[in-house]
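First comes the structure, then the notes that go with it.
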Amino acid sequence: MSNTFGDRFRLTTYGESHGLAVGGIIDGCPSKLALNMEAIRADLARRRNGAARQEEDAIEWLSGIKDGITIGTPIAFCIRNKNIRSEDYDALVDAFRPGYADYSYQQKYGIRDHRGGGRASARETVARVVAGAIAKQVIAPVEIHAEVSELGPEAENDTRGGIVSCRITGLPVGVGAPVFGKLNAQLAQAMMTIPSAIGFEMGCGFEAARMKGSEYIDRWNNCLNASMPDCLSKDAPNQTIKQSNNQAITKTNHCGGIQGGISNGMPVEFRVAFHPVVTLPQPVECLTESGELRTLIIGGRHDRSHVLRTPVIVEAMTALCLINNLL
Amino acid sequence: MSNTFGDRFRLTTYGESHGLAVGGIIDGCPSKLALNMEAIRADLARRRNGAARQEEDAIEWLSGIKDGITIGTPIAFCIRNKNIRSEDYDALVDAFRPGYADYSYQQKYGIRDHRGGGRASARETVARVVAGAIAKQVIAPVEIHAEVSELGPEAENDTRGGIVSCRITGLPVGVGAPVFGKLNAQLAQAMMTIPSAIGFEMGCGFEAARMKGSEYIDRWNNCLNASMPDCLSKDAPNQTIKQSNNQAITKTNHCGGIQGGISNGMPVEFRVAFHPVVTLPQPVECLTESGELRTLIIGGRHDRSHVLRTPVIVEAMTALCLINNLL
Amino acid sequence: MSNTFGDRFRLTTYGESHGLAVGGIIDGCPSKLALNMEAIRADLARRRNGAARQEEDAIEWLSGIKDGITIGTPIAFCIRNKNIRSEDYDALVDAFRPGYADYSYQQKYGIRDHRGGGRASARETVARVVAGAIAKQVIAPVEIHAEVSELGPEAENDTRGGIVSCRITGLPVGVGAPVFGKLNAQLAQAMMTIPSAIGFEMGCGFEAARMKGSEYIDRWNNCLNASMPDCLSKDAPNQTIKQSNNQAITKTNHCGGIQGGISNGMPVEFRVAFHPVVTLPQPVECLTESGELRTLIIGGRHDRSHVLRTPVIVEAMTALCLINNLL
Amino acid sequence: MSNTFGDRFRLTTYGESHGLAVGGIIDGCPSKLALNMEAIRADLARRRNGAARQEEDAIEWLSGIKDGITIGTPIAFCIRNKNIRSEDYDALVDAFRPGYADYSYQQKYGIRDHRGGGRASARETVARVVAGAIAKQVIAPVEIHAEVSELGPEAENDTRGGIVSCRITGLPVGVGAPVFGKLNAQLAQAMMTIPSAIGFEMGCGFEAARMKGSEYIDRWNNCLNASMPDCLSKDAPNQTIKQSNNQAITKTNHCGGIQGGISNGMPVEFRVAFHPVVTLPQPVECLTESGELRTLIIGGRHDRSHVLRTPVIVEAMTALCLINNLL
């Protein structure tokens, strides 16, 4: 079902933007983990950063934790929606905003919660950030760092998209699986589930299509000059190859650290493109249920540069992806 | 597990490049389908097009079909590897080619079939093309068309990548699911499982990150001027909206036909970037199991412009993706 | 993961007996269903019937429902544990009760919530009953009826088990699947997940092993004498065969209504054996973490005839099983 | 889908009784396992034991094995159906045998392979026995032993059922999972997928429903008198507790070695009831597609005491169940 991510560390989320709460259940978190609550709050703060709608995002832990320690049972959590102004959306009861999921949801389900985008709102990513923050703690010392590497044009009365770059370090060689379970394919899926994601590329990505093979290919470093046990551990499959910068196993990393769907010990690097927020701070024509166009100024509070809030979501989905390969 | 794709129409594949055979099992194909064997053969021929290694690709159907009709039980099929020249790979017994999955497989499994790339070879896509060709027959009249839209630079003694564009027409509105089951996320995963795929984008993709919101947004057509029942069927969720070209529900299709992870009735459009084949027709340095570099001329038969053979694989994976949403 | 049941109508549950709450998320409930809340409350009351610990079982609906109507998004619900007397369990901090899951949980997770059995408590079945009550509403007019057909011996200062019989009527022919997806196998799994279930049998079950083939076999009725469209619908696979009692398709129902794992249109009938509650109203020897035996009178409130409360749980699990085959 | 069992060691099977072949794909078998082919052949011989239809059951290994060693890729195998006498079934083209799956398959799929029961034939268990024999090798030193413990009445011109008992020794404590993933529930499902299985019980099973709690409860042994490290390993969750017979952790094993769905270190014990083969060596009335009864002597070759051939299938399904918990 579409509201569950992962199989071993399985996150199931729930909640509409203007419903009572958003939250989730994590099934498969290892027991005896002392949760770093401060780290979870810090990631939630990164997600809120600059948001038009300000929520406290206080987490109520309903199960799975005793005295701050995980006990191996499902971790259920709940975050109340408090700062709701549903009346902002009254004009949308029978009108579909352009660019949003209003229309496709209505067609699929025959009913929808029109307030704040309902389930399609990026509000649901709160649950992902909570679960991702826990996953990061489990998979340490693997580190994930995402940041905005390109921001779309600033424009008066307009919105902007951008590109987020992500880099995973400390990942063991041998993570991922052949054919349909390729780690790059898992990451692509994970990233494209983020609201407004519209493109994904590993390593040098689309640019690779324009390179000659002899330019693209990542050549081996001479490992004899490096410390061999760190460079090549033929007797210990699945073990981390620890490499200092000048001991990297390949001279370049055009492939983004994954070969044949399986990590090769280099940093895993990818980029995610986000289109601009589709609610413009201008009057727009909405399609009504009766099929006519109606010009509206969309209410609600919407970010103009939401991309600034997405790196922590990219990190969360990366962490959820990795933990399901590492447990 | 990584060798299975889909849940309702489930393909499980097997086979190494130089093993006895490649093939698969399809579980969930509807019964009473009269298979168009000619269409399957035609897709296999598109995949073989220009290949350095020529295989007959004769399919042996082991189960699930009686008198040419599917009976609802698993369809197992087998394609023998006949044109094998394993001796070409003798020098690779203890050496990892650059750019290939030799090294990451060895690290993951502690053992590998070095002949022709083993399981990591694109030879395994034969099974995908067979299953995709069957899936296309089931989901008709939905149509999938992929083609090379950009080819990397031609260069002497070198290889080239390229970009494949794919367009789905006739897809009903309402296909896909919210949050983690977004159709675009499913397609991204499916495409990135194809050997040498390195990037994926919906609609205008990475370019969208550089557009203003007011440029990007897909504006509604005035459906009152179109034939209404075709344009908006509020009483019949999940039904196709049939639209002639001048009745398209939006004026542009920058989003690629999917909103909130759910198809909106417009053509679904995406692009896949492929890096150049990594076996160069030049001497390259391989990494040996003992950690030294050894210059080799890689044997085996390898395509220089494999991208020309990928559209049918893109179509197959698209069909497998769609059928799992449509059944 | 072990806290999720089903794939199309997917219930994930959470909660420990003496934690903050128990509850779950239902993913895949059809949209536009007007929930009959009274029916849900009535099933919860059946589950509470005669329980030593009395809980109000008030349900807080966190998502997925708007104005009493399902909207197709995940239905999250939460039931607070209010009537908790955790001090009853203080003596069990370092002692494992005989017959309970205290020891196996401790060994598996290295930590446990000793209060009231934690996650292993039958308290978690509250979430199943809620989801089952919703599933019943979706699959109507299929009807499920379970009742205690045999009760173990009554004994002073002791507990008793028993056998619950369940009968499904109105189920279409063709439900279930071959080989590993047999409906009887699905039911067996579903029933054996109920706390204290220890046996399962279809139709005449273990007795069938002692019958001759000629006694066991269910012989066909002469359908020519019955109303044919009801009896045999060769042109409409998957459709219900509606049969009055004298039009039953077989003369007996020793197999319990399932052949080759697929329903045959007869009532589906099975029985579940429950062992006695393992907390005796007598002093028992517990095993301490240091490996010695300690005689304790187990605190907490425990039923002596819990079997009387299980039919509604059997019905719930049956409904969850069926809905995943019928959607 | 119904033709796949397991998630980590995943078996997908195919094949009809009178089709070209039966077989399967195993995905997830560990690499570097030297297969004991003789043990596989021995289990196949146990399955053939006394069968009316004699097949050679020669296995063709299509992938996943190199020089007799598994390489971590899918293991595909194929067993040709050679001893076919399909003409025996000509009279069944339009007639449904009583007790068999002919009718329910026809209703579900609208088409069927009437020859020898098609997919519903126990012929498909060949693939289970092959995979089970491999699984046994992986999970050693866990041992599984099944045997016929009760055989139905012998009768002239008739068939008989029986009961198979199975015992698992050497299983670590902590195997299985709470709530819906209980090991007993997994075993129940696995057993009920075997053709003609009609009942399942753990430990003392249905008899437990008739015991008093004080009789049923498995009391702890005094571990202080036993060698403690063997009896209780609180610091090493998930580790085997090795116990000689006089160090068993409980004095009785009424529960069958599983508490709260998780193994407790005692032998796991269960029983499976099989109904008699439903093809009688007597004339029987079949139901024709036009709804009339037609008396036929069922052709084909059928066992009268098939229960004698089932222990190895019970062992195979047990092994498949366990390996998915142990990997």
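We call the chains A, B, C and D, going by the order they appear; numbering starts again at 1 in every chain.
The definition used in the following text is that a contact is a pair of C-beta atoms (placed from the backbone, for glycine too) under 8 Å apart; a residue touches a chain by one contact, two chains touch by 3 or more.
These figures come from a predicted structure and were not determined experimentally.
The chains in contact with chain C as well as with chain D are A, B. Greatest Cα centroid separation from chain D: this falls to A. Interface comparison, A-C versus B-C: the pair with the greater number of contacting C-beta pairs is A-C. Chain B has its Cα centroid 24 Å from the Cα centroid of chain A.
A separation of 37 Å divides the Cα centre of chain A from that of chain C. The mean-CA centres of chain B and chain C are about 42 angstrom from one another, to the nearest whole unit. Residue positions of chain C with contacts to 2 or more other chains are 1-4, 7, 13, 73, 108-110, 119, 178. If you check the complex, the residues on chain A that touch chain B are 1-5, 13, 96, 98-101, 103-110, 119-120, 124, 150, 152-153, 155, 157-163, 173-174, 176-182, 184-193, 195, 197-206, 208-214, 216-220, 222-224, 228, 231-234, 237-238, 241, 249-250, 254-256, 258-265, 273-278, 280, 282, 284-287, 289, 291-293.
Per the touch definition, chain B reaches chain C in the complex via residues 7, 73, 178. Residues of chain C that touch chain A in their complex: 1-4, 7-8, 10, 12-16, 19-25, 27-28, 31-32, 60-64, 66, 69, 71-76, 78, 108-113, 118-119.
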